[in-house]
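What follows is a pair of complexes built around chain A, which joins chain B in one and chain C in the other.
Here is the complex of A and B:
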């Protein structure tokens, strides 16, 4: 079992792509850590550097207290599931799963037993004698997962291991993974595009963009209090409302409406500040009657989410979404109250929360100016 | 576009009936899977209708005709000649007599023919299997990680050796290996004066042919290695596999088809190669008399056309057997 530390990790590819741009992070022993971010932000690259398949341009990586920055992959004692599965077409499912054990000189009977065991927990028993070419995408993915689970390691690296499964199988595999990881207590780094997966599985998560961490924290914290406009727009199954606004006479002017400044942000803004109001549709309230702290508009779109409706209310350029238990009917007048307690204010210029300290260079300038 | 006529049979094994837990909604999935397959089938049918069986045959006929004239007829003619006592000149050239299998029987007891078979085998194994295929793979393997001018330079050199005409290359090699003023002897410190082509004739032609043909397998293996997904090797490296284990467990099985193809083509080329004649003329003392040279000597130099044809027929048969063996291995669980 191992703690993973990276500090000042930089990776610049020969073509100039900066896939890691000064990453600092400690992943605790036994932690399930999820990496989330848009395509091309450097998730796979970070995983590959942890695995030793990519040499960092700068910075260090330690595994269980040992500096492994220059250690070859075979000496790091970790298992990785690749985005493209990397199954050997010339081997049966059994041999594929057992291959790492074969390299470690485990006897044939024992490694086949281990392979069957790992495969069984992923519902692959029927397929053991097939070759990867005779499997569906989801089945191949489970074989790749089984191969990683079949031998004991210090660290699991998963690169979107469930992306090709159907919804039900994905939920099952997810639950299975979570249980397995809790049982084994193996430190796990898990890359995913599916944020519900990250929210469900992870002890902590990081949101990446352009080779940097934009926010690191517990899923609930990241979900409820995205530290920047970028994270806010990225996290959440329905996108957060992000409305440009101006602070004026103790309130926020949003389009032609006025809403109160959230209590927790009051001391961080001054009249005339340009801000962005962030409010989740789930916390917003749809009203059929006028209210003075609500945004007024006309219902433009109604989408059924399952148990409730996602309603888009428009007023000129302004468009805001809220969930409602009933369909208000397209074209009707409606008022949206944002839910002050969960409303966040971001600075319009750097996109950070208004109560966050400014980045160093900006603060220096302010100090100099003052 | 009668979609129903499309060949649906091959769809069944490919379809999702994979047994596992795929559960959820197989029925609707199968239905949507069917659509593109049926459409593709329809297109094939449409193509056949446009051309028609007769039209298609008409298109193929000229090619078949050429194959007949230039391949099958000479082969049969060789077989026929092999059964006669035809000679290049003289009475037996005008009116060859049918002598049955006596040419073939004679070949079995001819020590020079058997010597030639042995020499050819050594030459093929040494220069085709070990030399060209082995060296080609080694080159491709070691150049794999390289980029830039060094790699390009090596590639250009190797490919040059391949594309320069054989007679020119032979001249270059004679200049290189010559006893008195050869480049090699000049380079080696000391008295020198070694007549390489006389002292080490077999080694000379093996090195010569290896050098000449390594480019082909290098290019072939280079392409094969490039198409190997990097994650396959990386998985092995993560498991701790040594370079040798990676080669044995991942690389060689993955490019098995390429290896067999290269082996087949190169062995057959080498087996039928006459170029060693340009270096050693089959000598000294028949040490490098490979089959093509032997046939040339028997049929053309000594004029025994019938006997030469019989040996050619044997050679043809060996070629066929080699090709069939390779093709069978290739077909085996690919």
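Here is the complex of A and C:
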């Protein structure tokens, strides 16, 4: 029904800000697609172009095979949750949620029933007669969400719909959203700058930076194989270790240590290459005895994550994190084995993943830029 | 011994040190209150006169304890033009108010949402000219203009001229209001499929209602108190509004008829006071507190 395709989408604001810089993407019908990126990277702008609230400077958008680039928002049959909620201060919660149905000329009783139903699933029953001014930020956000869910559509556009909820409520709402979306099968574009939310919810996701997609793929793929240093540093609830290194005689020199070159990258690097070693603390192993493929250092910080500890090991300028089941004790000597299978190499100059000959990756970049 | 001496010294020091700063502000305070009282009395006198004179059997221009009577009101209502003049005032105010509120709301909305170069300059120029339009300087050309339209001695003519004079300021006030309505309100309505007119009716007007009320009341009060324009543009006395009719209250001897004037002024000021109380109660004159976010 509603496959979303954008091609060569460009948005340049009159002040010169490039919020979209040649975006190509296909979101499959019924897919839950997350847009992730730092503040100001153009997530909201892309969403607004999909909604028809912003006219692209160039490129096309199709919804369900129909070119909608110039179609007004009301004709696109979609529901949107705004980043600032946009609840009407003069209407009660019921009327707010029922407003889209009112526009669709649904009878009063029916639309109020629908509103109560949508509100019920977000624990808003008690608040139906209040006005938005009498609600907390999180309650307002849930009303905004309920308002988008209360009417049938082809496409959901969510702009950080859970950003203001407390941790527990956010987890609940996210599970609820995921289930609802699976049940309804409505194509969903979900903007967030919380990477764990994107990983948890999305069927596929895109990581954006400065108006471009840096990586598009399934969450697991993006998590395990970030295609660039930028993505690597952005994804993961504990930041990935990114250690500058030099390729030398079949291994990597990291500070005063030597670690093996990961098998998948071996044929793409040559001695003398400057690289960055990327390894997730979750995959790294903390050893109490020396090992020749591990980085040696002293335990500087120990943080409890819940079921395990996050241990920071320092050796001079070098600082590596690893998770460990037990507290090794601050000041003790420790060794960190990065876990070769999950270790990635990035080129020091352009930050791209080393997993293909350089020429190819350079050409990819040119295509992306053009 | 040393202890008591020290406390004594401590008690003495603040007393001597504090005297000048206490007396200074006190005098200033008293002076201020006296000044405020004098100014207040000066402005309260006309109001007091308005409250006592209508009920005084023999009103003068001074404020006095009245020998109570309602005969002034009886005399006033027997005057043939009193009823019609109040009706005319109401008609003119409401008519002008409708014109101003409708036109100003549409203009302000458009000006607030559409980006055109020189928009603010346009607004300031309009505002500047508005004082000219209904000002005394433009009376002759205005008279001629209305004459050309054949609208002399019609309420329509008066309403058009008054509305023209009030519109720029009305637009200015309302634009400020519309600017403070987040665009996402309308954007949500658009996404939901509402037409522009629906959006205006369901979202913009209700949200801007305090602003509209302010402009409405402000227009009514302005028209209610306006003398010059209806005086010049209206010929027949049965079309004249209250402000103009009052001007014609003379005794047979050519003296200002204070009995009539005081009673009439009393009646004339009631609607404005009532409106003020209403708006103050409803919106608390927090014009810009309409949208809290």
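Some points to look at:
Assume the second predicted complex is superposed on the first by the 354 of 370 C-alpha atoms of A that agree within 3 Å, B and C clash if a C-alpha of one lies under 4 Å from a C-alpha of the other, contacts with A are read in each partner's own complex, and residues count from 1 in each chain.
To be clear about the criterion, a contact is a pair of C-beta atoms (placed from the backbone, for glycine too) under 8 Å apart; a residue touches a chain by one contact, two chains touch by 3 or more.
Keep in mind that this is a model prediction, so the values were computed, not measured.
Superposition model on chain A: chain B and chain C are shown in a clashing arrangement. By the touch criterion defined above, A:51 reaches both chain B and chain C. Ranking chain B and chain C by residues of chain A touched puts B first. Within the superposed three-chain model, A:80 lies in touch with chain B and with chain C [touch as defined at top].
In the superposition on chain A, A:123 contacts chain B only, with no contact to chain C. When the shared chain is aligned, chain B and chain C each come close enough to touch A:103. In the superposed model, A:166 lies in contact with chain B only, and not with chain C. Once the two complexes are laid over each other on the shared chain, residue contacts for A:133 go to chain C alone; chain B is not touched.
Of the two partner chains placed by the overlay, chain B and chain C both lie in contact with A:72. Once the two complexes are laid over each other on the shared chain, residue contacts for A:90 go to chain B and to chain C alike. On chain A, the surface touched by chain B in one complex and the surface touched by chain C in the other have residues 51-53, 72-76, 78-80, 82, 84-86, 88-90, 99-100, 102-104 in common. Those residues of chain A that touch chain B in the shared complex are 51-53, 72-76, 78-80, 82-86, 88-91, 99-100, 102-104, 123-124, 126-127, 134-136, 138-139, 147, 166-169, 172. Put simply, chain B touches chain A in their complex at residues 16, 18-24, 229, 231-232, 234-241, 245, 249-250, 253-254, 256. Every residue of chain C that touches chain A in the complex is listed here, in rising order: 182, 184-185, 187-195, 198, 202-203, 206-207, 209, 291-293.
Per the touch definition, chain A reaches chain C in the complex via residues 51-53, 72-76, 78-80, 82, 84-86, 88-90, 99-100, 102-104, 133, 151.
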